[in-house]
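Going by the order they are written in, the chains are A, B, C and D; count residues from 1 in each one.
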């Protein structure tokens, strides 16, 4: 932690900062420049971070030097984490394709979509039981019935499935059915949900909040890991910017940035980012080329009948063609799908 | 709802759109321009909004004409809503000053702060028991013990108090103690929490998500109102932008915009927006001058000892001076504090 | 300048950083923490900033400690700058009201508007001759003819006027007529224009780029000041965010932030920020209450005939009422209008 | 153009809108819904757009239906534009690699870099003579001398070169030397510069403003095209968002979006977007995979000596490896480099 003093800070101000640091057992190195004094704090950064140093007289700003997350940091382990969801692997050389309808609407739509994506080579199924919807008047998901349908789709296709959990009270129910849990963008900073998800023993796909920095996202992962669950997959799904041409702006750069910061695998959801089916294929290709460990794609047999996000779903035959492109780029990248 | 067709849309495409609308009992007016055809959908917009019209062939985009919220819309009632929290009123001519420490850290800090803000003329106390923190290693609040301390502070000062609720499972507990519940920015789209809060009988202060549009915010309020609780106060607290000089960018324009859209009262939190104590007074003055119905301000007797957000807390004597300024501007604006 | 080394930086890496700093005569203080080494660079920061330190092996990031601007920095002089535009003053206790039509469309519209705002107490006229328009098919301004009309309006009302300059080749022409030049948001980083404007002897109103940080804005002011012209007024006019309800998001917090950083006066343009006339009055009141040194307001005798930005112009009688409110808040703030 | 009336708009208000439209020869279709009346305007949209319809009583909002650009719109021609810069082609099956140092610092650095990128297969050289710098104290480029060095580099390698133009007064000079002109992000809405560039006969690479929407970008291209120059290449270079981990956020989705809207070729600059060399390769691969028509990459023989943007430059041997990856993905995408 570096504490930059104001130009007019007094010696007394500097002494207060030093005393504050010493009060928790940290060391302080004072470095006087011509215009500014900088105090370097050496000790347990997590503890130092709890001090309200910016409220002390004469302090201009406090600059953290160490990363605030620990378990999920790249330095925390040798090599990359490979997460296993049922038979599927994500990370290392393994590139995952999570696919299926956005929401489970009924048995037929779900099984049709599941069989189609399985036939084209998807490695994990998606299909939601609980849907977070901006409007209270929109379709909110079928709940437990949807989980049963997904379980059947999983049995029929031999693929594991992932399902979103919206409420800490539903964690056990969803974990009973699904092979992996998903925490959605709107819940990325629902800290009690993160803790509950961290206490069970299923892998977790953690979507980035649409307004979250990469650092906040890693801290959300840290909430899960801190409870003992380190099987976490990060999923970039677009951030909110001023550009209206797409639903969100896919932050493709997050993939190489995260590769520098964490050992966790990183996948990309082009469907929710773009919000428009025509951009899903191009963005999925960009994801594998940039070095992501997987993609998550909405596929619907009949988007014009979808109860949720129909405009972004691609058709089964479009998915089939996309899988062909992904396989070719995977070879260039030295990856295997599955 | 207006459906704009693509330049190359066929008559068949237009007929499909019309058929889709008729399938749910809506009417369709087709208007052919030189370059584009536009279909106007007339009927229950909430129901029309559930149709995946953007997934239909030949559709370029779908433009909602009606507001997607109903109960909280300005047109839904004559005049403005005045929310009562204990003895305090918010809205109409009543300007509320919610003040106190960000977090309840211990009995002494809380009572000192509460008495100071009460003496200066605050109308409602704040002080949190459960704190949503970006890092799992930061102080998370004292929970039930804090609620008991706040209850005592309330008794000592005669002022009602508001407390944040983070988890649907805690709604009853917090409602048992507090005079009003607060839903924080990170939970603005925690829809199950919104519904639970809507089912109890205490007023709710709903903070804007730091990435939420005004429309999404009103839809979050609609989630609460739909369960029967219409005592809702909206609280602007800054949105996330590229500017690093403040913690968030206070969207002061949200106040006049909301005045056009809703009958609910609107308050402003300059402390969390700015993140720096020197800006709190100026922004609080801006809030009353722009026409807000109240402000929420962090006051701490000793910010350099604060366990949470010390850099943004103002001192009791600074709060005292600010109250004097607010009273003078209130007179210009035809408002009373309290 | 602080140079934070990567966790795995070698002693050789640190020595390279030190050598690089010494090569330009700067001193280097090396501070080894448990996890990171930090090198403090002491010397001429402007020169140190030219070193590509982030490209050196083992460097994680470079953190500037000193502000990159000098002449416009608060520390550069005792007290605040008061800018004089003709008979009007901006800064210190003087609050300026710049008003008039957005664009000069014809003589009658301009004179009507000018007389109306003068009668209500505006202190400076506005009315543009050259208009930067997003579309090449929109009205681009009357050029020199408009400057002549504004000169007449100025003579008739006894008020000075300000006019925008878009192109370095027009600086002399505009300076010949106008009492102050204005550099618009889209040209805030048109560095050759800034230099030209800095070379002449008229005050300059420098609008903030809609995507610019406060630091970049002050550096743009520094470009002007560096050429010898320190009569600069900063004008906040809204920044681009994801919120669509207003044309831009007025960053009202920029006023108190700038007050910490610069001695230059700061005004606010609520008209271009909001883009909607109903919000102009409330935001102008917020501007004076937050501590700004002036406002700039579009007033049009007949907005429904305006060739440019009619939706944001207020009517002369609305301006008259607003002036009354501003005068009352000015008294509370200890300011005089004029 | 669709004009949505307010809920309480009167018949008189609707008649005023209709009269306004008719006054310029447009037709008006009035469609009365249960809650809102919508007026559809049919005629020359460019002319209709000049009407201040939003300033009329009773109007809630005006929704453009047609795109505001014409010459650069996809519908304006059959097939895609292929731009020729010297011997290089951009667009269609041709993928361009523009590479070289960010700024021309001296002859040796420039020739070394130019030969290296030519040897690895770059198709166009870059190297700037005039640099727009945020700080007036930073290196501003060598001007004419740099153009002469680049001319020599071009002769030595047989590759054409592109150079940025900052000021309308320099357009002729730069066009005399360079094979293509570049308009930088900070000048994307420098409308007088756009017009000058449109009047000469060299191809133009138009970078996206870091705060510009895709629509504003196409309108900037329209400014150039309107003067007769349709050899325009659009260059995505990152937009400004709240995320601090990269210098800008590369909006990779802009590529498929633009493909729907324009016939112009689109390239991507990963160097300026990321601001960090480690991300340049991954983002360049993403660019070709998403369907872009080229990339522009900073390559410097010795980044730790660079006078400008050293942190984002990659080394010649890193560029060599990247070219190998791009060639392989080009094959998958059915593209040729060159």
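Observations on the structure shown:
Here is the rule we use: a contact is a pair of C-beta atoms (placed from the backbone, for glycine too) under 8 Å apart; a residue touches a chain by one contact, two chains touch by 3 or more.
These numbers come from a predicted model, not from an experiment.
Look at the CA centroids: the one farthest from the centroid of chain C belongs to A. When the interfaces A-B and A-C are ranked by C-beta pairs in contact, the top one is A-B.
For the pair chain B and chain C, the distance between C-alpha centroids works out to 31 Å.
If you average the CA atoms of chain A and of chain B, the two centres end up 26 Å from each other. One simple way to say how far apart two chains are is to compare their mean CA positions; for chain A and chain C this gives 39 Å.
Residue positions 211, 240-242, 244 of chain B are each in touch with at least two other chains. The part of chain D that touches chain C in the complex is made up of residues 20, 46, 49-50, 52, 54-57, 68-69, 132-139, 166-169, 186-187, 189-192, 209-211, 216, 219, 222-223, 226, 240, 276-277, 303-307, 309-311, 313.
Only residues 211, 213-215, 239, 241-246, 249-257, 260, 273-274, 278-279, 282-283, 285-291, 325, 328-329, 332 of chain C touch chain B when the two sit together in their complex. Residues of chain C that touch chain A in their complex: 2, 4, 7, 29, 31, 33-36, 38, 40, 42, 63, 65-66, 75, 240-242, 244.
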